[in-house]
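Notes follow once the structure below has been shown.
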């Protein structure tokens, strides 16, 4: 069973192509009773910074039609906690771990990358240059190709870990950003982060979220995410596709569009075992079609797909 | 009853602030048996070009979760048909008409605007520089502030009609585009057009749409649209807000965010009388709150709102 | 075109996912012709979002009958509707079949395509127009509407893909032999329609095809339901769903 | 924490939009403590998307009771659940109340806030802990759970905003007078909680508050349900929903 789904992403060997999306699975512990982290392709941690970040004022989430907005503001316990508590635990569980890295400036990203570089517990890094919910860092880096280039280049110099860069859909040309990220030495692309959105409470006549705007995720955004992955498939880097994936059919569509693997976020909140169900569904689908490995699906629907590495 | 909802948008007097969004209400005739065009704030016509356009190969639409993708490709019968058939009919019905204008190049937009300039049946123009479904024209003009500026400036020179410019959400900074559109002499902003998205058919392993990608509309995108309107409210031009509006509560949220009026698109497909229900709902809401005119709602939730005109 | 809340009179599962739904909808019943469809809301809220189109399969006294098959989320929701419930319905919409005078009508149905042809059979019966039918499905259990054809005295031949009833093979095999003096009225999967088009051309008999397309508005406003025709695209919802066989260009 | 399909044993409308839902959920019943909640799926598909949190209002033999009010789409869907139906349920989640030894427990409930306090009353009854209750609502029809309190022998005073039953005014008016030797356990609207906080501080009595926040995961993974506390934000789903009265900073 394992072998049919076994694959790799940007040089990271994966048990299967279904990963936990950053910020929706904590550090793996929170859902451990329901989802053994070792059953996933990988756990991508909550966005983590050098020092602990407090996050944004509440309310931080609100449901929308078939989606949700979040403005967590990257609350996280910081690098030391990650290294001392979370990584050892994740390793003890046999999880493949990708650390989602955030910073307020290039130096902070670089320092995080350097600190994690030699850690065996870490299989790869995902640079979050696309969080819409923080003033400094986040989307500011991912909105312009040259800023993104400079950041990735600086980080690349300080780590040999496989480097995924997480892209924002809130740009005029995501492919252009991706190309510069590639040129700067990234090993893979994660797409997409959330779309900027907001909700207003008719009774209080105020924005619902403490931060006014938030990031839209969930099934509502799936078509946008799929289009982004489709376009990114031509860039020549492996793509980790995500955005609104709910079931194995969605996952298969992302793979066919050109994603080397997928991540599941918001669906986990509704169905904690969604990722495990997706793994099982993909397995069955491959079997039905008589395919030997999931990589045979990748890019199947997309003539512009350019296989990489 | 009329007076409480009576308002104006970019110099166009409106019976009420609920308009039919371009491309979802044809030329008013198709739904006339159910929605008398004179009961709407205005009818915005299907995007119309100098010559008839054939549109994109089928399939052109596909449903998504709480939304839909369309890749109509601006099929329309052209200016002559508009002028000879549709405008006279709309006028005979007592409708306020805004013509949504498309072109493949600046000259075509200008020529359309010039041709419609002196027509009494036309209350205003909405320049579509944001259609994601055509190769030439459409989004190509709306994606870059300076291209948008040049187009609007050229059109402005040739018409005294109130000029709305319809913006694309598929950009890094919609406010920047809006500011340049304002500088070029636009009277108002329409936001948003559809988000680029796609769907894949798992059985055929091909994109569902003939055009591969399409524009996402409907309730799924409401949070994105509301955030765009919120941000645009600071630009200083009246905003026609749209994107996912389903009921009067949604409409009220857009007004509170800073929209001077709203347009309803996809909801009409599901509930042909949605616009009339929204008009009634807003009327009742104003009455409940003891407000004399709908303009008192506009920008109520938004401290950055800058009243215009 | 009316927008009505039709109440459910009876709702019957026919097996193989097919259902027969009888609705009280006097205004629609009064206006509708065979080949026309109704556009139906399957949810009360925003998901699933769009209406679903279904052919009128029969007209009664103030009633219409739909014959549909559960294929996805919308039809699954529809199947949950109980007698006494209410269905939000827009219609009748689209063009209808036209029985060509002086020619025996041959109804060619594949799968759920039987629905509009049953209504056409009803009209033929009412007007004394000569008619026969060939009906195909994947397997015997999926052959629906056969009793209705019998009731209307329509001679019918059957075909199944698996040979479980009637001819073993595509329904169009049943059209072999001379079609002289006949006209074809077909509704079914694309491959079947292409074959019908070819056969009609070969024998120079006229015919009409009912096409499907995914629909948003159903009334010609969105331009979403295009099909290919000689001379450009046509809208399935208003120019069709019934087209002259010679008019449309079938893909594939 | 368990993820279970709980079957509906009884489901009763109590009027004013309130419902009492009794579920067979042995694993949850075994583990849960007063103040904890379950996170419930209200739809089978993608809309409404997120689970809804509800306090456990009573524990029976292998069963738990929810007491909820219909306020929006999710609770409206919940209200449609019939006996024999199945509810997808994650729990028990969060921290619970802790009965402080040596102090009489004063349950302060506003509206649907009665739910977790009924379970606390049950525990007090089971352990012989002294307890009294003050319960408020907008109007008499919205005072629910009064019979349960009576059954558990909990002396209770009532208040309504419109004076239709009991004291005419906010429920916190019923806390006037000395609270010496008592501890407050409160759940209800923010304004009520603030008042309880103030009163407790004035009289230097301890207490615990059950807070609400909109929740995505319910298990601490998303960091979405933050509330303000001295020394930073805390998560309502895992640090709470029950907090020491001194710990949290209430807005407004």
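Each chain carries a letter (A, B, C and D) given by its place in the written order, and its residues are counted from 1.
In the analysis below, contacts are C-beta pairs under 8 Å (C-beta built on N, C-alpha and C of every residue); 3 or more make two chains touch, one makes a residue touch a chain.
None of these values were measured; they are calculated from a predicted model.
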Labels of chains that are neighbours to chain B and to chain C: A, D
Maximum inter-chain contact count - chain pair: A-B
Greatest separation from chain D - chain, by CA centre: C
Chain B and chain D: spacing of chain centres that average the CA atoms, whole Å: 46
Whole-Å gap separating chain C and chain D, where each centre is the average of the chain's CA atoms: 55
Intercentroid distance (Cα basis), chain B paired with chain A, Å: 34
Chain A residues counted as touching two or more neighbouring chains: 65-67, 219, 246
Of all residues in chain D, the ones touching two or more other chains: 46-47
Graph class of chain-chain contacts, one of line, ring, star, complete, other: complete
Residue numbers on chain B that touch chain A, as the complex places them: 64-67, 69, 143-144, 170-173, 195-200, 202, 205-207, 212-214, 216, 219-224, 226-227, 230, 244, 246, 249, 252-253, 256-257, 300-301
Contact footprint of chain D on chain B as seen in their complex: 65-66
Chain D partner contacts - residues on chain C that touch it in the complex: 45-47, 73
In the complex with chain D, residue positions of chain A that touch it: 23-26, 30-31, 33-34, 46, 54-63, 65-68, 70, 72, 75-76, 218-219, 246, 266, 268-273
Touch list for chain C against partner chain B, complex: 1, 3, 41, 46-51, 90, 213-228, 232-233, 238
